[in-house]
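Order of writing sets the chain letters: A, B, C and D. Residues in each chain are counted from 1.
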Amino acid sequence: MKIGILTGGGDCPGLNAVIRAVVRKGIFHYDDEFLGFMEGWRGLIENQSMALDLDAVSGILPRGGTILRTSRTNPSKRPDGFDRCMATIAAHKIDALVAIGGDDTLSVAQKLHEKGVNVVGVPKTIDNDLGGTDYTFGFDTACNIVCEAIDRVHTTAEAHNRVMVVEVMGRDAGWIALYSGIAGGADVILIPERPFDVDKVAESIRQRHERGRYFSIVVVAEGAKFATGAGAPVVQDMGKDEFGHAKLGGIANILAREIENRTKFETRAVVLGHIQRGGSPTAFDRVLATRYGLGAIDMVHRGEFGCMAALRSNKIVSITLKEAISKNRVVDDEMIEIADGLFEEIGAKVASK
Amino acid sequence: MKIGILTGGGDCPGLNAVIRAVVRKGIFHYDDEFLGFMEGWRGLIENQSMALDLDAVSGILPRGGTILRTSRTNPSKRPDGFDRCMATIAAHKIDALVAIGGDDTLSVAQKLHEKGVNVVGVPKTIDNDLGGTDYTFGFDTACNIVCEAIDRVHTTAEAHNRVMVVEVMGRDAGWIALYSGIAGGADVILIPERPFDVDKVAESIRQRHERGRYFSIVVVAEGAKFATGAGAPVVQDMGKDEFGHAKLGGIANILAREIENRTKFETRAVVLGHIQRGGSPTAFDRVLATRYGLGAIDMVHRGEFGCMAALRSNKIVSITLKEAISKNRVVDDEMIEIADGLFEEIGAKVASK
Amino acid sequence: MKIGILTGGGDCPGLNAVIRAVVRKGIFHYDDEFLGFMEGWRGLIENQSMALDLDAVSGILPRGGTILRTSRTNPSKRPDGFDRCMATIAAHKIDALVAIGGDDTLSVAQKLHEKGVNVVGVPKTIDNDLGGTDYTFGFDTACNIVCEAIDRVHTTAEAHNRVMVVEVMGRDAGWIALYSGIAGGADVILIPERPFDVDKVAESIRQRHERGRYFSIVVVAEGAKFATGAGAPVVQDMGKDEFGHAKLGGIANILAREIENRTKFETRAVVLGHIQRGGSPTAFDRVLATRYGLGAIDMVHRGEFGCMAALRSNKIVSITLKEAISKNRVVDDEMIEIADGLFEEIGAKVASK
Amino acid sequence: MKIGILTGGGDCPGLNAVIRAVVRKGIFHYDDEFLGFMEGWRGLIENQSMALDLDAVSGILPRGGTILRTSRTNPSKRPDGFDRCMATIAAHKIDALVAIGGDDTLSVAQKLHEKGVNVVGVPKTIDNDLGGTDYTFGFDTACNIVCEAIDRVHTTAEAHNRVMVVEVMGRDAGWIALYSGIAGGADVILIPERPFDVDKVAESIRQRHERGRYFSIVVVAEGAKFATGAGAPVVQDMGKDEFGHAKLGGIANILAREIENRTKFETRAVVLGHIQRGGSPTAFDRVLATRYGLGAIDMVHRGEFGCMAALRSNKIVSITLKEAISKNRVVDDEMIEIADGLFEEIGAKVASK
C-alpha cells in the first residue's frame, strides 16, 4: 500500500517515534511505501511532501519535534480546503492516511473519512486530556521536565524562605500539574477542574510556615481559575495582547501577588512555558509512541478506517474517531484524592471545594 | 496507631517516596506514630530503629536509596530470628508493620503475619517481575538510565562502525531489556524468556550491515541464555569468583566475542551494572511509589493485613501476600510481538525461536 | 581556630560545596571548629547559628541551595547593624569569618575587616561578572540549564517554523547569554554590553529565512537594551509592578512582539527565570566551588584577612576584597568576536553597533 | 579556498561542534568551500568524502559522535599510505586540511605537513592529557557523566553499607578520575601518576568506617597501578583476551576483591566504559569545541600550517604540531594537593607514596 503520514497541532515529544514505528513496520512487515505530508494539513492542501523510507526515519527516535513539521492549518477554514486535500490524495494515489494529532487534527481526519478517505488516527496531546485513551505520549516527558524544574526551584525556595509559584501547561485539564506536583513534592496544586479559593491557599501556606517550613511550592496549571467570591482578585485575567500570545501577567504572576499580599512571605513566579514540550522523549514516551505507531499501521492493514489507536489498560486498541473527539478527559476524583492524601487536613490542597 | 516501617532487599529508586507517603498520610489523616526499623529485617532482629516524624521524611522524595537503609538479612536463616523480631515488635508496642521489599522480604512478612503480626506489604523490584502487580517503582527510572546510556553508546557505535553490546539488569525477566531496548532503538534485544541462537543474531547484524547500517546496538539482559546447539559457545558462563560477585566475563563480554568472531565487525561490550538502580527517581516512579505508600497506610487502617498494595489497570488495590509471592511475572508475548514489529522479518530479533 | 561561615545574596549552585570544603579541610588538616551563621548577615545580627561538623556537611556536595540559607539583609541598613554583628562575633569567640557572597556581601565583609574582624571572602555570582576572578561557581550550571532549555525549544521552533526568544539571567553582564547562546546554537544573542537595533535583528532573521531556515532562536539577557533611535519601541520597559518583582512584560515579551511585527513570522517568548539558579551543580562547578573553599581555609590559616579567594589562569590566588568589589567584569570583545565568527556578515549578531 | 576536514581516533563529544564552527566561519567570513574525508585518514587513503555545506552542518552542534565518522587507520602502516593521501589531496585540489584528533592523528598530520600539505591540527583527547593545551573538549562531558554515575552509586553504597569501586577512563593520566572524583565526593581516588598501596587504601576505608561512615566510594582510573610490595596482589593485570578488547577483570574488579579481602566490607565494582565518551556535549564542551574550530579556520587563513590550535590561559593560540605531540600532560601536583585537602591526614587518599 501507499500510505501518507502527517503530524498536526502543537509539537510533542514522541512524534518522530510514531512516524518511525509506522514506517519500519510498514516496510519490514507489509512492504508498504510512505509519503510524509509537511506541516499537517497544509501539506495536503498545498501538495508538499517528502519521501519516507528507512533512511528518512533513521536516528529520529530520540529527537523531539517532528521531521514532518506541523501547523494548525485547518482545511475547513478555507472554501476549497477539503477539495485540495482530496486532489493531493488522488494525485499521489494514497491508499491510506495516518493522521497524528489532537482534537482539531482528528476532527479533520473524521471529515476526510466521511468523504471516503481511508484514515487512521493517532492521538497526540501533551496535556493527556484526550477522551478514549488512558495515556498519550509526551505527557510523561512534560512531567519529568516540570518535576526537574520543581526540584531546582525547591533549593532556591528553601535557601531564601520563599514561596515559589510554578505555572505549568494545562488549559482545560490539570494532569500535568497534578502528576508533576505530586512528583515534585508541591505543597499546593491548583488545577482547572477545581476553582480555588486564594484565601485558603494562603492560609495553608501560613499554617505550613507555623510548622517550621519557611518555604512552599505552589504548582498551578495555566488554566486554573480563582473561585468567585471574596478572595478573588478584581482583575484575575490580564488577557492576551494585540498579537494574541504575549501572556503578560498569567495566572502565576497574579497568584504570586495575591499570596504575597495575604501572607507577607516573599513570593516568586516561574512560568515554564515552551520548554515543557520540546526535547528528547523519555523512555516511557518512546515506547508508548512506538506502540501507537505499530498499532496504527496494523489498523491500516486490518482496514480499521475512521478509527484511532488508543491505549486502554495497557493495551493498544482501536476506537472510532467519533468517540475519541467527542469528549475531553479531565482529572478524575481518584487522582485528586491521592494528592489530598499527602497534605494536612486544612483545606483540600488540590483546589478548594 | 503505632506503625513500624522497613525496607529490605536491593535498593531501588522510590523507596524514600513510599516511606514519605506512608508517614505523611499517617500523621496528617490518621494521627499515627511511626518507627523506622533499620536495614530491613536486621533492624527487627537487632532492635535498631529511628523515629519517623515529618522532619525525618522532609526532603527525601527526590532522593535515591532509603533513609532506613536495607539488607538481605533473613530471620528464617537463624534459629531465634523470628522470636527476636516478635520481641522487638512487642517491646515497641507496634500495632502494624509496613514491609517494603521483594520476594524474600514479603515471604518473611507473610510468615510474621501467620504468627499474628499485622503486616502490610509494598512490592519492590526494579526488574518489574513481581506477580500480581502491573508496574513496580524503580523500573521506569532504570529504563530511563539505560535508554540514556544507549543513546550515548549509539553515537560511538555510529562514529566507529561498531557493534555495541549493552548488558542490563534482569536475571529472570527481560522487562528492562525489552523496554529500554525499544526506547533506545536497539537492533537486537535478548531476554531470559527466550534463549537465543547466536548465529541468528550475527546473521541479522550482517544483514543490517548489507543494508548500509554499519553499526548495531545489541541489548542483552544479564540473565539471557544461549540456546544449546551448534551456535552456543563451549563455555558460556564464566561463573562467579570465589567471593561470589565479580562477574568477570558476564554475558555481554562473551556475546561480544561470539558476534565479532562470526561477523568480523569490531564489537564492544558495556556492562551498566549498579548505576541502573541508584539516584533520583523519575516523575513516574515518584508518583507510583507515593501511590503505593498511600495505599499501604489506608490498608493498615482498613485492617487488610497479610496483604500487599498492588497496581492493577492503573488503580491501587489490595491482594494477599500469598498471591503476590507465589509467581514471577515474565515478559508476555504481546510485548515481544511489539518489539518484533520494529525489526525486519529475518529472525525474531527478540530472541530466537 | 573557631571559624564562622555565612552565605549571602542570591542562592547559587555550589554554595554547599564551598561550605563542605572549608569545613573538611579545616577539621582534617587544621583541627578547626566551625559555626555556621544562618541567612547571611542576618545570622550575625540576630545571633542565629548552627554547628558545622563533619556530619553537618555530609552528603551536601551534590545539593543546590545552601544549608545555611541566605538573605539580602545588610547590617549597614540599620543603625546598630554592625554593633550587633561585632557582639555576636565576640560572644562566640570567633577567630575568623568566611563570607561567601557577591558584591553586597563582600562590601559588608570589607567593612567588618576595617573594624578588625578577620574576614576571608569567597566570590559568588551566577552571572560570572565579579571583578578580579576568572570564573565563579554556579555559572557553568546555569549555562548548562539554559543550553538544555534551548535544545528543547529548538525542536519546537523547527517543528512550527517559529522564532523563539529565550530570556536568560544577566542584568549587567551578558556572560550567560553569550556562553549558552553559543552552546545552544542561537542565531542571535543580545547582551547588556551592546544595545541592539531591533531592525537589524529582524533583518538577520529574515535573511536566515531566505536561506531556507524557517526558524530562529534569539537568546536575550534580561538586562539587554534597545538602542535608541528609529527601531526602538515606544515603551521598551514595562517596569516593575507595585510589589517590585512581577516583571510582567520583560525584555523577551517586548522583543518577541517587535520581531513578529517586523518579520510577520510567528514568534514566542520563553522566560527561564529561577530554574537557572537552582538544583545540583555540574562537575565543573563542584570542583571550582571546592577549590574556592579549600583556598579560603588556607587563607585563614595564612592570615590573609581582608582578602578574597580568586581564580586566575586556573589557579586559586588571594586578592584584596577592595580590589574585588571595585569593578564588574563585563563580556570582553574577544568573546563577542568568537560569537560573531559563527554568524553571517550581515549585522553583528551579538548586538548591533 | 578549498579545505578538507577529517576526524581521527576515538570519538569524543564536541567533534561535530568543531566541524560546524570551521565550516560556518569558513563559508560566512572567508567564502571557503569544504570537503569532509570519511573515517579519519582512511578517507584520504581510499578517497571517500562528503560535501560539507551549511545544510550538512545544520543541527549537529548538540550531537555526539562525528558526522565524518572516525577510525584508527594510519597511513604510515601501509607502504603506499602517504602516497595515496597525497593523491587524494591533489585530485580534489585541496588547499588546506584541518585534522581533528589525538596524538596518532596529529603525528600523521605533522608528516603530511613535512611533505608539503597545508595542515592545521585541532587537539582531541577525552582524557585531557595532550601536551601544549590546557583543556580539550569532551573532558568536561566525561566528568559530568562520571559525576552523575557516582551520585547514583552513592545512594546504593549508602543504602547497603557498601564499598563501591568505580572505574573510569584514563590510561596514562588521571584527569577524569581526579576531577570527577572530587566532584562526586569520592573517598579514595587512584590515578596512573601515583601507584597505590592497597593496604593503605583499605586502612583509610576502615578508619572512615570507624568514624561512622559505613560506605565508601573509590574512583579508580583504568590505568592506575598497584605499587609493588607486600600489598600488591599476585596477579594484578588479567590482561587482554585473544581479541584484544574484553578487559575481563580490569582494575576495578581486582581492587574490589582486594579491598573486600582486607576490610571484610561488602565491595562492588562498576566499570563505566563507553558511556563516558558518547552523547551530547555539555555547554562548556560545545563552547570550547566551537572556539577550537574558529581558531583553526583563522589559522588556515593566516597561513599558520604545521600548527595546532591550543587553549592557554583561556585564549586560543597557535602552537606547532611538533610541540603538541612531543609530550603528554599528566596530572600536576597542585591538583593532587587539592584532592588531598578534602581527606583526613591518614594516607594521601590520592594514591599512596
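We adopt the following convention: contacts are C-beta pairs under 8 Å (C-beta built on N, C-alpha and C of every residue); 3 or more make two chains touch, one makes a residue touch a chain.
Owing to the predicted nature of the structure, the values given are computational and were not obtained by experimental measurement.
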For this session: Mind listing the chains that sit against subunit A and also against subunit B?
Result: none
For this session: Find the chain most remote from subunit D, comparing centres computed as mean CA coordinates.
Result: A
Exercise. Using the average of all C-alpha atoms in each chain as its centre, how far is it in Å between subunit A and subunit D?
Worked result: 41
For this session: Calculate how many whole Å lie between the centre of subunit A and the centre of subunit C, each centre taken as the average of the chain's C-alpha atoms.
Result: 33
Problem set entry | Rounded Å distance between subunit C and subunit D, as computed from the means of their C-alpha atoms | 30
Seminar exercise, completed: Multi-partner residues in subunit A (2 or more other chains touched) are 151
Exercise. If each protein chain is taken as a node and each touching pair as an edge, is the resulting graph a line, ring, star, complete or other?
Worked result: ring
Problem set entry | Touching chain combinations (by label order) | A-B, A-C, B-D, C-D
Problem set entry | Residue ranges of subunit D touching subunit C (in the complex, touch as defined) | 21, 24-25, 28-29, 54, 58, 61-62, 134, 140, 143-144, 146-147, 151, 179-180, 182-185, 211, 213, 280, 282-284, 286-287, 290-291, 294, 298, 313-315, 334, 338, 341-345
Problem set entry | Residues of subunit B touching subunit D in the complex | 10-11, 13, 15, 39, 63-66, 69-71, 145, 148-149, 151-156, 158-161, 164, 238, 241, 243, 245-249, 253, 256-257, 260, 268-275, 277-279
